[in-house]
Amino acid sequence: MALSHEMKIYGGIKLYTGTASPELALKVAEYLGETLCERDIIEFPNENLFVKLRTSVRGQDVYVIQHTAAPVHRNLMELLILLQTLHLDSAARVTAVVPYLCYGRSDKKDQPRVPITARLVADMIESAGADRYMTLDPHSFQVQGFFSIPGDVLNAQYLLITHVNQHLRAQLHDPVVVTVDLGYAKKGRNFAAGIDAPIAFIEKRRLANDAKAQALTIIGDVEDRDVVLVDDEVDTGGSIIQAVNLVKENGARRVYVAFIHPIFSVNAAERLAALPVSEYITTDSVPLSPEKRAVLGDRLTVQSVAPLIGEVIRRAHEGRSVGQLFNE
Amino acid sequence: MALSHEMKIYGGIKLYTGTASPELALKVAEYLGETLCERDIIEFPNENLFVKLRTSVRGQDVYVIQHTAAPVHRNLMELLILLQTLHLDSAARVTAVVPYLCYGRSDKKDQPRVPITARLVADMIESAGADRYMTLDPHSFQVQGFFSIPGDVLNAQYLLITHVNQHLRAQLHDPVVVTVDLGYAKKGRNFAAGIDAPIAFIEKRRLANDAKAQALTIIGDVEDRDVVLVDDEVDTGGSIIQAVNLVKENGARRVYVAFIHPIFSVNAAERLAALPVSEYITTDSVPLSPEKRAVLGDRLTVQSVAPLIGEVIRRAHEGRSVGQLFNE
Amino acid sequence: MALSHEMKIYGGIKLYTGTASPELALKVAEYLGETLCERDIIEFPNENLFVKLRTSVRGQDVYVIQHTAAPVHRNLMELLILLQTLHLDSAARVTAVVPYLCYGRSDKKDQPRVPITARLVADMIESAGADRYMTLDPHSFQVQGFFSIPGDVLNAQYLLITHVNQHLRAQLHDPVVVTVDLGYAKKGRNFAAGIDAPIAFIEKRRLANDAKAQALTIIGDVEDRDVVLVDDEVDTGGSIIQAVNLVKENGARRVYVAFIHPIFSVNAAERLAALPVSEYITTDSVPLSPEKRAVLGDRLTVQSVAPLIGEVIRRAHEGRSVGQLFNE
Amino acid sequence: MALSHEMKIYGGIKLYTGTASPELALKVAEYLGETLCERDIIEFPNENLFVKLRTSVRGQDVYVIQHTAAPVHRNLMELLILLQTLHLDSAARVTAVVPYLCYGRSDKKDQPRVPITARLVADMIESAGADRYMTLDPHSFQVQGFFSIPGDVLNAQYLLITHVNQHLRAQLHDPVVVTVDLGYAKKGRNFAAGIDAPIAFIEKRRLANDAKAQALTIIGDVEDRDVVLVDDEVDTGGSIIQAVNLVKENGARRVYVAFIHPIFSVNAAERLAALPVSEYITTDSVPLSPEKRAVLGDRLTVQSVAPLIGEVIRRAHEGRSVGQLFNE
Amino acid sequence: MALSHEMKIYGGIKLYTGTASPELALKVAEYLGETLCERDIIEFPNENLFVKLRTSVRGQDVYVIQHTAAPVHRNLMELLILLQTLHLDSAARVTAVVPYLCYGRSDKKDQPRVPITARLVADMIESAGADRYMTLDPHSFQVQGFFSIPGDVLNAQYLLITHVNQHLRAQLHDPVVVTVDLGYAKKGRNFAAGIDAPIAFIEKRRLANDAKAQALTIIGDVEDRDVVLVDDEVDTGGSIIQAVNLVKENGARRVYVAFIHPIFSVNAAERLAALPVSEYITTDSVPLSPEKRAVLGDRLTVQSVAPLIGEVIRRAHEGRSVGQLFNE
Amino acid sequence: MALSHEMKIYGGIKLYTGTASPELALKVAEYLGETLCERDIIEFPNENLFVKLRTSVRGQDVYVIQHTAAPVHRNLMELLILLQTLHLDSAARVTAVVPYLCYGRSDKKDQPRVPITARLVADMIESAGADRYMTLDPHSFQVQGFFSIPGDVLNAQYLLITHVNQHLRAQLHDPVVVTVDLGYAKKGRNFAAGIDAPIAFIEKRRLANDAKAQALTIIGDVEDRDVVLVDDEVDTGGSIIQAVNLVKENGARRVYVAFIHPIFSVNAAERLAALPVSEYITTDSVPLSPEKRAVLGDRLTVQSVAPLIGEVIRRAHEGRSVGQLFNE
C-alpha cells in the first residue's frame, strides 16, 4: 500500500481554547472548517482552576489557542493546565498556540540580579507537555532560542503593511515610518520597506542629573510629512503619546499608528482617543472589549490574525511548508 | 586544618520573601536573628512582574518564603521569578519555602481527562531553579513524590494538638474528633490519638437519582460529646458548615474546629462566625487580614508556624537533623 | 487521500510478556485476537537476565505485560530490560502494562530519612524507555503524579462490586462494608456505594506505653450484619485475620472479603482458609498458583482483569476514549 | 479502514547530506530511488556555517548522511547544525547517518584526568535533535551505550570478508589473519572465521627503560603464510607499516591489508604505496580523493557501503527488521 | 567554629586555557596572582584532540578561558573537551569563560528552515559539563536565555568609552556616534550617551529589483562632524568600509571606529588600513597576530579585557557581587 | 580568613553499606578510621525493601558501599533505595561505591534486538540520586561513558600482579600469561607486562556445522612453561576449566589462575578445587562464604580491595588526586 507523502501523520486536528481567546479561536475553527472541542474550565472559590475534556484526544493532533495578556497569570496557568491535561490524555502531539506571549520584554539580564522571565515561561510551556508552540511577533525573535521544542513564530506585521498599502498609501503625503524607540529599529525598517517609505527613529536618553527624566530626540526627518508610528505592542499608550507629541512638535502632518498587539492596559484607549491620530491599525491577537473599541470608533482598524493562524495550523497538521505561505 | 563536621557548608542564610507572606517571613527572620534581604518587586500596568535583588547572593544559602494561596497565580509566578533570579545570580543553594502549596487537591486523575496540577506546580518550582523545597501539611503527603529535589514537608498539626491539650483538653466533655470527610481519616486519627480521644467520620455519598445531591452520614458516635472537627484547610467554609450542622443534629455538645490552612475564600469568615462553634484553631501559614480576624474575634486562635519554619531552616543550613526536632 | 480520524496512528499492536504474567498476557492476547510476540529470556548462572526479541518491533505499538509482585526485583528488572530492548529496537511507542506495581506503599516520607520508592520505580520505568504505562488500582492514585509520561490507571474494584451485586447482594443480610484500615476509607466508601450498603472502618491506634501494641476499634456498626471486608491487596493476611476476628467479636454474621491484588506471601492462603469467611473475591492481577487456589477451594472467586486490560489496550491503540469504557 | 502493519508510519524518506559525504549520499539516494533534498550550506569568512533547507520537512522521516573524518570539527558542526535545523522544522523523525564517527578511540578513561570524547559527541548528536543514529563499525561497539536514542550500528566487515572469499581466498597460501594490535583481537577473530583461516596478533609492549620505545611481538604463526592484516581504520599508516615489516621479518609470504575506514591522514597513501602489500581492501565510509586513489592504483579495492546504508534506511523507514538483513 | 560568610565555598581557583587564548589567560592569571594550570593538549594526525590535566581538580573552582573565533570549530571542540575532562575529574564547579562566543548572529529563525546555532552552542557548553559561563558582549544579550545555567555576561563597551573620553573626547569636533547597522541601534545609543554625543544610524535596505543590491542611507546628521563608528565586531571589514565611505560622502570630518571583538577575517587588517580612519579602538577578546597589529600600526588601540575578566572571576569565586563592580 | 585549598569542601565522610558487602565496608571504615553509619534495612514478607537512616546526612559527603553480585536484583534495588534515601535527606554529595557492577557483559548490541543492560544500570544509579560512582575493574572500561556523572573506576589488577611478583615470580619456570578469551587480550597484556612475561591467548571459534560446538586454540606458546591464566571474573568456572585443560594438553607445567571478581556461581568452588591448579589469586570485591573458601583451602589467596577503596574515598573527600595514588 503506497501512502502519499501528504498523508496526515497524526490523528485529526483538535482545537481547544481556554477562557482568554474564545473569539479568535472560533474564527480559527471556522477558517479550518472545524469546531472547537468541548471542555469544562472551572475556577473554584480558592482561585484554583480545573479542566476536564469532554472527549478523548488519544492519538490526535491538538492545538490550544490562548493568549497570555491580562489576566496574565491566570491565562498562563490555564494554558499550562490545558497542555498537561492533553499530554496526559495521550495526545499524539500538542501545540501551544499563543497569539501573545507574556513577559516578552524580560528576555535578558541587562542589569545584574534580574530574571529572564521569558525563558521561564518557555520552560513552563515545554514542561507542561507542549510538543510544539506557535506565537505571533514576540518582542524579540530570539525567544525562539528559549524553546528546545520546534515552533512557528509568525510575523503579523505584513497584515498591517498590507492594510496601509491597500487603503492609505496612495493618499499619504511624503510618508515616513517612525519607530517609537530604538529597540524596534530593524522591524521598523522592514515596515518602511514594506510601504516604500523612509524611516526615522525616536531616541530616548536618560538625563545625567535626573535618573527618571528622559530626553527624546527624533533621528531622521519628519517635517511636513505624514508619519506612520510603529511598534510591536501598545500597553498604557505612554510611549505613543510621547511619540505623537514629538513628531507633531517637529512638524509632522497626519499621524497613523500601527502595532501588532493591542494590550491597552488601564485607560490606554481613552488616552489614545485624545491624540491627533488619524488611524490606529492593529490585530486581534489580544481581544479588545467592545467598550474599548467604541472609544476609538472609526479610527480603529483591526486586522484578524485568524486566517494566518488557521492556515499555519492546517499546514503544520498536513506536513506542508509554512514558509511557502509567506513566499519567503 | 581540621574543620568540624558542623561547619556551614554553604555561605550564609539569605532570607527572601515575595509580596504574599511578608509578616510570616519577618517572624521567621526574627526567630533566626536575621534580616530579610531587600529586593524590588514591581508590577507593570500590563500585570507583568519584575524582580531585582538589591544585593548579590553568589554562593549563599537562600530561602524564599512565599505562600501560594490567593492571589494564587500571581503569588506562584512571583515565587517562580524569585527562584529563577536567585538561581541565575549563582546562589549556592535555593530553597522554596511555601507554607501553603496551591493545587494540592489536584493530585491524581480520579476521572478521565483531567490534569494533575500539583505535579505541574512541582515541575515549575524545580525548573525555575529551586534546589530544595519546604512546605507545610500538603493535602496529600504523596506530593513529595512529585518532586525530584529533596524537601522538608513539615507537619503543623502538632501545633493544633498542643493548643488543644494545653488550653482545652481538661474541660472537654467526652471529646470526639470528627473529620469533615473520609479523605482526612488517617490524619484525623493522628489528631485523635494526639488528644487521646476517639474518632468519628462524616461520610458524603452521592445520591443515585440526583447527581448533585449528597447524603451525609456520621460514622461513629458524637451524641452528647464535645466535638473537635478537623481538616487540613478551610476554603469557603461550606464543608465546615455542613459538618457543624450534622454533628449538632446528632446531639453533639460544644464544637471546636481545628485546621492548618485558613484560606477563607469569599465570605468564609462571616459564615463561620454565624456557626455555633466555640473556637476556631488554625495557623498563620496563610495570612488572615485584620478584618477577617475581627469577624471571628476571640473565637479565633492562630498558632504561628514561624518558629517551626525558622528552626528547620536553621537545621537545614547547618546540616543538622530536622527529624530530631520532632523527636520522630 | 482522506484518512479517517480513527486510523491506527502507530504500527500494529505487539504484545510482550516477561516470565511473571504469562497466563494473564495470554488471556489479553486472546481478547484482542492477537498472539504474544516471541522473545527469549535467559537467566545466566550469575542471575543476570538476557532478553532477545525474535522479531523486529520497528515502528510498532508495543505493550509489555508484567506484574511486579514476587519475585519482585527480578520481575521489575525483567520488565525494565524488556522496555529498553523494545525502545532500542525503534518501537514507535512502548507501554508498560503492570497489573500490580511494587513498592506502592512507599509513596511518601511519613517519617524522616526514608525513601519514596514508588517514585524511584516510576523513574526507572520511564528511563528504561516506556512512553506510557498502565496499571491497576495502585495503593494510592497519587502515584500517577510520579510519572511524567501519560498512563492509564485502571480501577478493577468495579469487577468485585459487580460480582457481589450479581451473585451475593440479594442474599446479604443488612450488609455493611468494612475497610481494614483508615487508609482505604474513601475507596471503601466507593465500594459501599457500589453495593448500596453502609460503611464502617477499623481504626488501628498505637498504644502509648508499648510501641508495638495496637488497639483496634470499629467505627460504625457491624452487629448482626453481613460484613464485606475490603482492601486493595492481601499480603500475609495478617490485617484480614485481625479484621475478621474483630468484626466477629462485634457481632457480625457472615463475612466476605474482597480485594484487588492477591499477593498471598508466606502461608497467607492457609491462614485465610482457617478463617470463618464465606467467600474471598479477588482478581488475577497477580497469578495464584494452583496449590494456593486449592487451599481456598470454592470459597475463592477470581475475576479476570484480562478483558479490562485488553479493551484499554485496544482503545489506546486505536486512539479511542478509555474513559467512555467506564461510562465515566 | 484497515491499514496494513507495513504502512509507512512517518511521512516520506527525505535524504540530506552536508559537504562531507556527497558521493556516498548520492549512491544511497540512487539505491533508494530517491533524490537528495536541496539545502544551502554557506561558510562565512569568519568560518561560521549557515544552513537553509530549500523545502519543508514537516512530518517527514529525515536522514542526514555525513561522516566526521577530516575536516573533523567542521564536519561535526555541520552535522549538528543540520540536525537542529531539521528538528526545528518539525520533522517527524531525524536520523543522523554517520558512516565514520569521530573520536571513537576516546571511549574511556584509561588514565586519570582525560576526557571520554566519544560520549561528548554522542551527547551533542542527541541534544542537536537526532531521534536516531546510524553508524558503521565504531572503534568499540560499546559506543552504542553512550547514546540514549535508538540506533543502528552496522558491521561492514562482511563486505571485506566477501571480497576476500570471492576474489582472493582460492589463491591464498596457508593464509593467516593478523590483527595490528590486541584491541582488535575479537574482531580479527571474526574476520579469520569468515575466511576460514587461523589468527595471529601483534602485541605492542612499552619498554621499561624508555617511555616511547615499543617492542612488537607476533603471537601466533605467520611464517611461510600469506597474511591478511586487519584493523578498523588506517590513519597515518604507521601501525600498518610496523605490522607489514614485522610479518615480513617473520617470514610471511604475500601481505594483504583489510580495514573499514580509510582515514589516510597526512601522506598515508604514499607511505602505504611503498609497502610490499599485494592489495588494500577498504570501503567508502570516508571518501578518498582521486589523487590518493591514484597513488595506490590497482592495489586499492573499495567496497561501497551505500547499498548497506540504503537498505537499512529503507527498512528503518518501513518498520521492517534490519537484523534479518544480516541473517543474524 | 564560626566561619565568616565570605569564606571560599569551593576549593581554590584553578585557571585553565586551551590553545586559543593563551595571552589573555596569562594576563588574567597575573591579575589574580595565580598561575595557569598545566595540561597537555594534543592534536593527532586525524585532527582528533586529546586533553590530559597534569594535576587533579577534585573539589576545585575551575575556570576555562577560551575564545571561539577562528579556528572556530576546533576552538569550540577544545573548549568542550576541557569542560568534560574537568567535570569528569570531579571539579566542584566549572565555569566556561568565553571572551568571544561563536555563532552569535545565528540567534533566531528570521526566515523559515534555518538553525538557531547560538542555542546549539549553549546546549553543547551545558552538556559538556559547565556549571556556569562567562562571556563578553554577545551579539544579542538574549543569548543569556539560551543557557539554563547561571552566567556573567560582561559589557566591555565601557572600556572603549573610557578610552574615547580620556584620550579623544576633548579634541573631537561636534562628534556623532554612528552605528554600522540598525541592529546595533540601542547599544550605539548607549555608546553615544557614554561620550555625550548625538547618534546617527546607517540603514541598509534591499533594492526591490535586485536581490543582492543594497541601498545605504544615513539617518541622522554627520555633516562637518567627527564620526565615531561603532559595532560589536569587525569581521571582514566590509560593513566598516561601506560605512566610512558613506559618512565621508555625507561630509564627515575625522572618522574613528570602535568595536569590541577584532575578528579580522581574511585581509580585513589590510582593508581597514587603507581607509581614512584616524583610530581603531578595540579589545583583546580575540587575539590579533603581531602581523595584523603591524598593518594598522599606531592607529590601533587595544584595551585589555583581562582585568575585567580577572576581577569577575575573583568575585564569582569569593561569592561577592559582580554587579557592584559596574556600579550598576 | 584564608582557608587552605585542602579544606574539606563537603561535610564529613559518612559511610553506608547495604546487606551485600558488610565485611568489605567494615574494612574500608577501619582503614579510614570511621564507623559505618547505622541504618535499618527491612525486607517485608512481600519482598519489598524498606530503609531508614538512624541519623541525618544533611550536608554530608556520603559513600554507599554495595556490590551487585548475587542476589543481583535485590542488591541492586537496595543500593538504589539507599541512594534515593540519602539524596532526599539532602546529603551534599552521594557516591555509589560498587565493587562489582552487575550486567557488565551486556554493554553493547552485538546482535539485533538485545538490550544494553549496563547502560540501564548506569541510568538507574544516576536517577536514584548518585552524584558520583566508584567501581572496580568493570568488564569493559567503556562503561564509564554510560554515566554522565563523574566516577572513579579503579583497577585492582595491580593487587594480583603485586602478589605474583612478591610471592611467586622468582620460582616460576618460563612463565607465560594466558587469557581465557580474546576479549581480555589487552588487559592480559598489561598483566604479562606487569610480571615481565610473554602472553598467549585462547581463541574460541564456533564450528561451522554445529552452532553450539566450539573449537579452542592456543595462540602463542605454553609448552613446558608455567602458566598464569587471567580473567576479570570467574562465574561458574566453565571457561577456566576449559582453559586449564587446554594448556595442560599443550604441555604447560604448573598453572596459576588470577582474576578480580570471585562470583563463584553454582558449584564453581568445587569444580575449581578439582583442577590441577597451584593457586587461585583473587580479591574480596565480592565476598566468598567461609564454605567456599574452605573448599579451595590454601590454594586460594584473597587480596583485599578495602585499602584501595578507602584511600580513594579519602582522596575524593579531601579533593586530592586519585591518579597520583597509582603513580599514573
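For clarity, chains are labelled A, B, C, D, E and F in written order, and residue numbers in each chain start from 1.
The rule is short, and it goes like this: contacts are C-beta pairs under 8 Å (C-beta built on N, C-alpha and C of every residue); 3 or more make two chains touch, one makes a residue touch a chain.
In this text, all values refer to a predicted model and were calculated from it rather than measured experimentally.
Enquirer: Moving only between chains that touch, what is the shortest number of steps from chain C to chain E?
Expert: Contact-graph shortest path, chain C to chain E, evaluates to 2.
Enquirer: Assuming a repeat means more than half of the contact pairs shared by residue number, which candidate in C-F, D-F or B-C repeats D-E?
Expert: It is C-F that repeats the D-E interface.
Enquirer: For the copies chain B and chain F, give the interface type as same if over half of its residue numbers appear on both sides, and as different if under half do.
Expert: Chain B and chain F contact each other through largely non-matching residue numbers.
Enquirer: In whole angstrom, how far does the Cα centroid of chain A sit from the Cα centroid of chain F?
Expert: 61
Enquirer: Just the number, please: Cα centre separation of chain A and chain D in whole Å.
Expert: Distance between chain centres, rounded to whole Å: 49 Å.
Enquirer: With centres defined as the mean C-alpha position, give me the chain A-chain E separation in Å.
Expert: Comparing mean C-alpha positions, chain E is 33 Å from chain A.
Enquirer: Centroid from C-alpha atoms only, then distance chain A to chain B, rounded to Å. What do you get?
Expert: 39
Enquirer: Listing for chain B: what residues touch at least two other chains?
Expert: 3, 7, 9-10, 55-56, 88-89, 109, 111-113, 116, 119, 123, 321-323
Enquirer: According to the definition already given, which pairs of chains are in contact?
Expert: Every touching chain pair, ordered by label, is A-B, A-C, A-D, A-E, B-C, B-E, B-F, C-D, C-F, D-E, D-F, E-F.
Enquirer: Under the definition above, what is the set of chain A residues touching chain B in their complex?
Expert: Touch residues, chain A against chain B: 44-57, 69-74, 76-77, 80-81, 84-85, 88-89, 102-103, 105-106, 109, 111-117, 119-120, 123-124, 127-128, 235-236, 263, 265-266.
Enquirer: Taking the touch rule as given, give the residues of chain C at its contact with chain B in the complex, in rising order.
Expert: Contact set of chain C toward chain B: 107-113, 116, 118-119, 122-123, 140-146, 148, 153, 182-183, 185-186, 189, 192-193, 198-201, 203, 205-206, 217, 219-220, 321-323, 326, 328.
Enquirer: Under the touch definition given earlier, write down the residues of chain A that touch chain C in their complex.
Expert: For chain A paired with chain C, touching residues are 3-4, 6-12, 55-56, 58-60, 87-90, 92.
Enquirer: What residues of chain F sit close enough to touch chain E in their complex?
Expert: Touching chain E from chain F are residues 1, 3, 5, 7, 9, 132, 150-151, 315-316, 318-324.
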